[in-house]
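What follows is a pair of complexes built around subunit A, which joins subunit B in one and subunit C in the other.
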Partner chain A sequence: MVTKPAERPESTGGLIRTLLTNRFSSIVIAVLLSLAATWIVISVMGVEPVRVFSIMLNGSVGSVDAVTQLLQSWVPLVLASSGLLFTFTAGLWNIGMEGQIEMGAIFAYGAIHFLSGTPLSGPLVIIIATFSGMLGGALWAYLVGLLKNYGNVNEIFGGLGFNFIADAVLLFLVYGPWKPAGVAQGSTKMIESQYWLPQLPGSYLSLWALGAAIVGILIVAVVLKGTYFGLKLKAVGKNAKASFMMGIPTSRYMLLSFILCGLFAGLAGSIQVTGFLHVLRNSISGSYGYVGLMVGMLANYQPWVVVPISLVFTALSKGATGLGIDLRLDSNLSGVIQGLLVIFVLLMEGVRNRLSRGSKGISHG
Partner chain B sequence: MDVELINIHKRFGKVHANNGISLTVKSGTVQGILGENGAGKSTLMKILSGFIQADSGDILLDGKKVTIHSPADSVKLGIGMLHQDPQDFPPMKVVDNLIIGSPMGLFPDRKKIIREFEELQKQFNFSISPETYVDTLTVGERQQLEILRLLWLGAEVLILDEPTTGISASQKDLLFATIRKLAAQGKAILFVSHKLDEVEALCSQVVVFRQGINMGSMTPPYQTDKLVEMMFGKSIVRSENVCEKQEDKSFEIEELRIDDVRLAIRDVNFCIQKGEVIGLAGMEGSGQALILRALAGILRPTGGHIYMIEGADGGRIDLAGKHYFTYRDHGIHFLPAARLEEGLIQGLSLAEHFALAEEQTGFMVDRDQVENLSKKRITDFNIHGTPESRIEELSGGNQQRAELALMRDPLRLLLLEHPTRGLDIESAMYIWGKLKQRCEDGASIVFISSDLDEVIHYSDRILVFYGGKVSPAFEASSVTIDMLGQLIGGKGWS
Partner chain C sequence: MLLVGPYNDNGWSTATYEGGLYVQAQIPNTEFIYADNVNIASNPNTTAAQFAEQLLQRGAKVIIFNSDDMKDGVSEFSKAHPDVPVIWLSGDYAWKDGQRYQADLTNESDIMGEMEYGKMMAGCAAALTTKTGKIGFLGPLINDETRRLADAAFLGAKYCWENIAEQTTPLEFKVTWIGMWFNIPGVTLDPTQVADDFYTNGYDVVISGIDSTEAVVEANKFQGQGKEVYAVQYDYKDACKVAPKACLGVPYFNWGVALKPMIQSIIDGTYTRQFVWQGPDWKDINNADTSMVGFQKSDGLSADASTKLDQFISELAGGLNLWTGPMNYQDGTVFLKEGETATPQQIWYMPQLLEGMLGDSVAK
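Showing the complex of A and B:
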């Protein structure tokens, strides 16, 4: 539920205070501030900011080609972000998302690797690969959850650890058993095109992948906002002890939130393989797990808000790839912008809470 | 210093906690502030002392308008608030507690502070050693320390929020003498309480709040029934003893043993009858809380049996060692004293609580149904709030009523930790009225309370705890406060 700003019957500090305490306008201010900060950063680098912004705009939404690529990259990010809403709602930080995406990719590629050449039809193999990818992600998340529940290992450390392990497994496979003939290049050989998710002609975009992302966010929204499961998960996230007292099996719900999150991670990973890259390679997770955490935070854990924010984040990184070519700027600039955005939004949220302090959360009587 | 509060408004969500309250307190007077829980007393005091800010309204000190944004502001202006729970640092020395709160810079002059402290406490006949550690002081002494600290910081206006909770009778006398002396020195005192006798004994003027509104004031001689009517809107008559006793057994506890870090409880035997109320009395930490949690299935006993009697033929199920959820499934319900830590979920609305507590119907939450149910429960249980109110926006009494409203049927055994702690008489009687209904439906109640009056008045039978020992069950009608007090203090045990 969105926290509503406190009603202020009479003006106590004028327009500025109102702007700062309203949720929407405070986000607008945060965006403007981060743009200004980016402007300064770019100016310091000796480039004209207007050019940078126009190149980025062009690179992200300037052409049909750019837009299809934007949507293609949006798919894994929105899947990762929406999966993370389950763990966020349960009050958990699933830092292990990266590893879970990697495991999803490994399982999906593995399924295709073992099934290619068999009489099974292309679409069937794709379906099997997708489900095994989801299984892989869920399994990896489940392990983190088990460690938390039964080993008393904080999920942040557990997740981080399993990220490293997933990395190692991926490298081992890519440079070892699944290495293509010839020189090792940090990538397997490409899967046969019959195992590719069908793509729009002349583009990388797969409508199937896009559909999966949209269905995914719909499912998350319905489950979290409309079901008993979602409500109980929220209760566990807010106060595990009281939830247990009210008869909710808290450990089981925490585990389930990990598994659900892992399913989404695995789906994202398998789509990276079947729908986009068609290989298994180094860092196939593309930092979507970490960026997804930022998206989730910025969206204040609201499913509907995840859609536009993940789109903006994807546009930023897509747009920035052109910078290296046209201006010889590092495309990591997009990371700087994303980081600034997160910092300013959180900062403005802090300001908002401070200004409306006392109008919530204090008992009286 | 004269204090004037003019037309103060404060809302928490949809709850109008202070609805246009005005109040003037002249220097040299003791102003009593009466009202039931949730009437808006604490809210107004928190506004005056800077913990929260009013939505609108003015605060005037000696006729000059001031703005108070934080507790530090209020201290600077000479307003000091004595909280219900002492706001001190127990692991530190008395003198360090003074230094922490003072604006004295990096190198405070300890000797000077100690000298000033000693002079100050001589005025009031307190005897607290400045070098002693705060956690060795009694609640009453910590309160004295807090008063001295506020005076030392230059408080001209003192707010005392329920100051007589948890202190001894002699400390109370000393406190009252101190308050009178402070008033004589020209301080303005705001004395917040729901205890009529104290307010009448002490205050030169009394105002009564009800539901965020100033209902009017009175000066001596006080007419108690008038004050009660202003507080509650009607006169109160204490209700009759709660439960009609029914003779059939509901639970049998045999040879129950509990081992805790601090306490070993051995061989507890008693039975619980249908519709019966059993009060557990004892000093805090004597074992009654552990027994209650064991009966709820939260604490696993190290031995013994908790039998639940099933049917007329006396067949019984042993619940000892079973999971807490099994207890719940058998209609055993536990109401913790720490409402916001263990009983309710901050950040969730009342409606969400009701949805969680009810039997789940299908996969999706039926919003309309939950909304209707919430509205009905809110009316049935007299909760001041809406289905959308978040639980932490409610006052203590309303939270307690919400907890009662959350209990599911059928209820077999209800275990209560301090069911009316911090509530005024009206709320307490309301709670017990609701509990009585549960007893009539055949539920049994076992409860802990440190209020001996409550234990004797509402129990059918009483078990007394002392250092892990459990007395045989006494018929409540044969027990006096004096006798109970002696047992609790460890006298009269064979």
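Showing the complex of A and C:
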């Protein structure tokens, strides 16, 4: 009997290699691996995984109310994530996004605080508050950029430091000058309803906020993909020294990327005040900055990819709140799933790069 | 029911959770469902009103908000669902004579226990036990409710110190606010640290005003080091069980006592909006079916102090009103003139600590 022993293993190996080196299939594998790992985690907790996924799905898209809540939470996340694409493209890690969102919320609430009771109309005050919030976020990001450029402080440490300062300022304000009279409860009083972004009747979703998010991602896409500025920013991110040698003012571009990112963070913060919570309170940034970093990482500089990924992350987060009600599980399980997803996608990215390099080596050899 | 903390916090949330279980056991064909950790630290992106929507989707016919922290959610949800009965524990939107009355929330009712009596007992137990004459009060955030409860504890302590223990030296009573009902790392003061500071600075009894058990846990730790210190817990009748010997007792709520008739009236179709502020059943303050507020003694309370505390409780049952002038606010302005007694509104909307108390009346 004559056989061809080497043929089958080679074809199987070749298929695996193809799957691992193809970007799309490697992401699918990463998602499947993270689902499998989540399945194991849930099983260890003694709960039926199918039930968990069913509750999460139902909680995120199972009703009109769930969908409007999903979109309402998606707005600040997609704004944060898309803003981060500016700094990611410039090769920078804007960990300070959390503080920038908080500063946006502070500036927005501050504008309303000082303008309420004046003859200015509600819509005008909302517009002023929105721009104030964007200014606050941009200012806070600019400071991180200045430290990076002129103080030689790594933006990760600078950003973390400014997050702590923003936290402190926020706590000082809500427990101090902006606290409701005689009360210290970590929250200001609610702003008057004339200063709320209009919400869809019977829901917590503001179409204005949703519109702002969509316009925001469009702007990011156009700037990064369709302008010289975007191209140069990418060059700075790829190789700052070479870009400088080619005449690109790298420091200025880095600063601009921080400012642009801060504008988006500030917008997210102001929408938290005018479109959702209607107060200024601790934890108002909602960890959107940190989750946005994960989304930005997974999006790999692609603005359009930010949309579905941030939607999935929001769905995980919103869907998980039902776990506590129905299964007595901690809703932080969604954070575990998000983390596993990021780890496996990055892992598969590493595998893909390694195998791709290997393939090139063989072909050139 | 929406619980601000975890259902098993051994404090406020557990007490309200057990109130829900009580109703479920007492009224046939009722089912109790709940969401816990409904607070901005645990769930920053989901508001109380949104959690209430989730319970509604799961078939809830009545929504109970268990915290003052949810006041915005109560208002928002009640307006959005005028056909759904809403009960706010510790709230006052339904109080016609109150400062925060909201006439348009026709479906909303409030329930609160007259915990001022419980806190007076707590203060008394502390005063009858302290050897240093220094009592600490581990306060949560600062608002009308927390000020009136701290004031009540002080009044009970002062009365028992002077009239039952017959001490002539002044009693020291210090309030330290942590900034929230429970610990939020990085946001509030750490209640463990605050309790430790009290115990190491001569305050040998700490009355807890927060929803969790740090005061008694730390007292237990200090007792293990040979120091004679104690805590008085709050909210939940079994809260002392974490360290019975370090605990003098706990003033607690039986929420089911007020919840049951209200839920029954909703089922019967006779529900009308109410503001309920209900005190102890003086015939038996620890009767789970009749007494909204009780005081459960613990092993740390000596037999002598226990007897004297009973004497004080009898005096309260007999009509002793400690909210009687002359009495000044902390800043020296007159609260009650000679012989004047406080109105319910004056007590509920307490603007300051009282003269003789240490600590902040308002946030600085």
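Methods note: the second predicted complex is superposed on the first by the 342 of 365 C-alpha atoms of A that agree within 3 Å, B and C clash if a C-alpha of one lies under 4 Å from a C-alpha of the other, contacts with A are read in each partner's own complex, and residues count from 1 in each chain.
As a working rule, a contact is a pair of C-beta atoms (placed from the backbone, for glycine too) under 8 Å apart; a residue touches a chain by one contact, two chains touch by 3 or more.
For clarity, every value in this text was computed on a predicted model and none was experimentally measured.
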Touched partner set for A:Gly322, first subunit B, second subunit C, both or neither: second
First, second, both or neither for A:Val50, with subunit B first and subunit C second: neither
Contacts of A:Gly202 with subunit B and subunit C, given as first, second, both or neither: second
Which superposed partner A:Ala242 touches (first subunit B, second subunit C, both, neither): first
Sites on subunit B touched by subunit A in the complex: 9-13, 17, 37-43, 46, 51-53, 55-56, 298, 324-325, 328, 334, 336, 340-349, 352, 355-357, 360, 362-365, 390, 392-399, 406
Residues of subunit A defined as touching subunit B within the complex: 1, 4, 6-10, 12, 226-229, 231-232, 234-235, 238-239, 241-249, 357-365
Subunit C - residues contacting subunit A, complex: 33-37, 40-47, 49-51, 53-55, 57-58, 68-69, 72, 80, 141-144, 177, 179-180, 184, 186-187, 351, 362-364
Contacting residues of subunit A [partner subunit C, same complex]: 59, 63, 65-66, 69, 73, 167, 171, 175-176, 179, 182-187, 190, 202, 204, 276-279, 281-288, 317-318, 321-322, 324-326, 331
